[in-house]
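In the two assemblies presented below, chain A is common to both, partnered first by chain B and then by chain C.
And now, the complex of A and B:
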């Protein structure tokens, strides 16, 4: 173990924190605490508080899933996929086409949801393979170009009036599949206000005691479901990464020729990693956009900027680390999307910033006379656009200062067993002869 | 580890589709390559015919033809830029040769993928070590062996098969530690390969190549930067492995080392084989002396 024994008090704490599960748990709890504090400060009631925490958790979780999917491609194998949005779109659209009610506009096939979800994942995988197979043979740059192009082609195709009977064209899907939570709890899953099923009755009446509405219960349970999906995806990729498979992927990322010269069919490994990643992006697209509280399957949903958010989140967390991916996703989603409006409300409430300059010039000029309020007001009013500038700055700083991400985990070991120094078998190694005999056996 | 399934038939004049019994002893060269067929007592696992490789205007390898005998330690020498490394690259599929053929155990392997060639048992090291910098030394070594169960995603992930993957990993880790001990890299096992010194990187390169369980090893200046004591030890190891049936083709600039350890020496010059034979013969060849052993005298 690399931990020093000097400060015995901190050692157990550190050991707990060295555990990946603990890191993720601490991150989520910290986010909940911070948002609880935000909500508290703004005087939210039970249901407002629940919906705030629920929203940030949902976003953190779906980001976690896509970032994990990108991590197996880019973090592990070094495959530069800038078409993340496109693969998510394929997943979400396919589910919408397969499992939406036939009565909706555009009509879906009304197939059971599990079939739809499976179909969505498969479709995203297939599109990934068709796009990438030729490009994976070429240099990394070509893959980047091909993926960004395919992502746009997908979006434009879905947007096209020519296919609007099936895809809804520019307006997208009017009626999306119902989530399993809705199906379980509501007699008419398509309407959130409908009568509850007997299970729903129990759940809703329990929640009602805390003043939580039926609608909030459905969304909260769905978010818990998404957290479970995140957990499953995480465990899956953690196992895939911490195995000889993950080891070969990392070797490809480091030096493909070296991996080939050690007998690894690198093309095959890359194709499998790419397919797996695309399938999981499809899954993320499904749980994020095809149902649940943010359901929206339209071409605008899948603009390329999502792809860049995902990359930023992965860089923040640390490419090459599954735990880092989950952390990066959670941190990014909460910082960029949910925190700024909260902070604005809090500042506005605390400091009564009423100045409302029309543009940056009007905001800057009063500084000369020592009046900072107009600038403050300007910044607050434009926090929605300014947060992207902030993200850009954060990204630049991170890449310069901590290129391996917050956790610096690009160098996580990839093996099915621990590879620490204390794993050395205690064979006789005092003299060279013994070592020669030992070594001799390795080549039999 | 899987058994060595490289065909035991060296050069068969049997059509491809006929199954060759495994116990057939290697025959001598076959008839359609008569021009190069020499009366060799031992079988020839590696044979290169008229190999040619151009880079833009430079002809790096210009019709090189040679053979490496089973169980031998063959030296490949020549001045800088003679085309030795390029020859290795063409043999192992890293570069595609412009012309010429490479035969491994009687089968043509020209144009095959590097990983297929490694699976046949023909493995090489690089002159400039290709350590995987952001992986630990132990990971580097554990990467190498073929036939790892856990290279399948499903087997690594599914609960029923994960156990077997982990068990194999445990065995592999033990073997890796032993190998590292031999190469005196064990104290660096958990270090990132990118932090190794030049000599240590060469050692890691060699250790990794050995972990692939090769039958023929092409070593491109493996001792460059390695301390003399360890060099002796590695040479001893190479001789041990030869006794176990491994074949070595060794590129090396240290003439004393070549002359003392190799039974056969191939001299390359300007992409061609200038001469080959036992060390005594090479030492006394005027042309070789001219080209390499201190020509301008």
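And now, the complex of A and C:
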């Protein structure tokens, strides 16, 4: 009896969880709760807490966007692109060159931001097209090597002193456009401490009641904007996935030869998917690096490492699923990227770890005398390295044990009509079922 | 006369493949330009709407020879390292993105051994200390040296005596240790990571190798620290000036040792059945297994050969370049891939030749990439790799499997 009552109670919950929006919402709320607890434990005040939660949310959202873009290429079209960093760099640099004030150094063209953003996306798409047209003829692993080489060529070009008048060279593009939030709320968008506009006045005075500074308000609103961009990209891709174009992509993912035999020009579809993905990567590069709280466009940012973070996020979420991509991006950014330093602070505070050996050997020697504190202190101080080791091991374990990720195993059928519905006459179906139950063979 | 024939051939070639002929024509122009530069002939400027192009110019023969020698030195290291990658690529069917970190691991472990031996005062001192420790007579010299700093490569290079001239024995032992440690590492990783997924597709293995690369790289950073350091000392190192090219003992050691290793590998693969078994496996693993080839044992041999040479390459790289950091091998990885692809995947001789081509390309390109453009030496090598992939995916030797 109790079995059925629990079932009854859980049924609506299950139904809610079957809904993708609910999954994502629950994930974000869980992340906020966890980080609120972290901040609470460390005694953060209102504005510290806000900046912590805002940082995690921002990172989760931008990872979501770029993982979605990669999902179009790898999850749907099966194109193994490990040059993500390069395409993000093209987006971020182009927007900086187009929309930065001409007075700064390096000078921008001073065009309105929408044009700059559009230009950045187009530039990334174009670079993607140039890379894709010849490279897509190659085998998957060759494509991987070519894309990572292209991303390095892009990075080294931006890094080169030869073009430093235009790109800023190794120091990066120091003169970035202001974000729309700054333009709306501040009279002088270039300085965060400037006088507020009339709209800004209302918002800032409202926030001040909760002890939140002007600076935090601007960043928080920008993060909300990034969440909206994520939502738009997600809806766009969900819509595209259900369109005839998306159905062909899914068909290619399942069996390229079969799609070809149905008369689909798979090469053409793959080039378009690659270009679309690259354009979205450019967009992600723009909202991530070219403006907002993390604005910093330097060549060092776009090392291949960041590409691999994005891959790990996609593999966690499951290649081939848009919802999985958003979940994977959020999980990676929060638990793997932002949580370890927080956990370090919490452990250090709780256990009063003060030991700080200079190297692993000095940390290991005291173990012989039963003193674990130096090793603990050493590991905590090197939590950055540990985090990367952990990511590596996680990637291996995931690909060995759960290559489909959290949601990748879910079949998103390419057909427009449900395939599970039985359209045959009842009698035949019943016979076939009976035969199957008896262990007999149904005819193919 | 000669030009006519060339033009005719060129026209035929251009008809059959436009892209490749453009690339070839560009290469030919560069070559003629190089010859003109060496001869000191200068034409131009040829006016274009934006800037004038100079053909030819002036470059000292000595400077050019210096580029060639540097190219050979780096090329030999890349070639040595790419043998392992080429072997695993053809036999296990995946692009091993952790290969660069095997180079790093070999370099660190080998130099740690060299530092300890040289820092204590050579083999003699170690033997003496060991005898003294056992017999209880004499002094126990190990206590004088700061072993921890030596093992972690924190001692100053000259103080540790990390120099071919001061402690050749320590360097030779370090080289062997580098190969040995890398072999052990590769076998452990094969057992833990790659063996459970033998039948997986290339992309899954590639992703797993990216995970391995992260884990190994940051494990090295955890143990040895994240700072980049100068490991070798060139103090008192004999060097010769051959017509403007400065050749030092470390570079000569590198080239000689690499040549010996490559020759040894050649003999090993020609004289034993292993080479044939490897070729068979590269062609078709199931068929090889059916015909009685112990595939797991061949895979193990592949890792041993490949990782051993890779570790040695890491050690030698540091010997000639001096600097070592936990990212060293990772930064070399794309050049190694370029060499493997250039030579044709699975071909050992192709990998060696590809390494030389990539090394030479990255240095000789400095003839054109002067001043601010010098940072484009690496992209030149990458671009060369992309061109080979596009126009001749089976490698410059046409994919003859010579393993």
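Please note the rule applied: the second predicted complex is superposed on the first by the 402 of 444 C-alpha atoms of A that agree within 3 Å, B and C clash if a C-alpha of one lies under 4 Å from a C-alpha of the other, contacts with A are read in each partner's own complex, and residues count from 1 in each chain.
Keep in mind that, in the parts below, a contact is a pair of C-beta atoms (placed from the backbone, for glycine too) under 8 Å apart; a residue touches a chain by one contact, two chains touch by 3 or more.
Nothing here was measured: the structure is a model prediction, and the numbers come from that model.
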First (chain B), second (chain C), both or neither touched by A:152: second
Partner chain in contact with A:196 - chain B first, chain C second, else both or neither: neither
Which superposed partner A:392 touches (first chain B, second chain C, both, neither): second
First (chain B), second (chain C), both or neither touched by A:184: neither
Chain B versus chain C as contact partner of A:383, first or second or both or neither: neither
Partner chain(s) touched by A:263 [first = chain B, second = chain C, both, neither]: first
Contacts on chain A seen with chain B and repeated with chain C across the two complexes: none
Chain A-facing residues of chain C, complex: 94-95, 148, 151-152, 154, 193, 196-197, 200, 202-204, 206-208, 210-219, 221-223, 225-226, 334, 337-338, 341, 371-373, 375-376, 378-379, 382-383, 385-386, 389-390, 393
Chain A residues touching chain B - in the complex, by the definition given at the top: 236, 239-240, 243-248, 250-251, 253-255, 257-266, 269, 272, 276, 320, 410-411, 413-417, 419-421, 423-425, 427, 429, 432, 435-436, 438-444
Footprint of chain A on chain B - complex, ascending: 92-94, 113-115, 118-119, 123-124, 126, 130-136, 138-139, 142-144, 146, 148-153, 156-157, 162, 165-166, 168-170, 173-175, 177-179, 181-183, 186, 189-190, 192, 208-213, 233, 236-237, 240-241, 244, 246
Parts of chain A lying in touch with chain C, wherever the complex brings them together: 80, 134-135, 137-138, 140-142, 144-146, 148-150, 152-153, 156-157, 159-162, 164, 308, 311, 315, 359-362, 382, 385-386, 388-389, 391-396, 399-400, 403
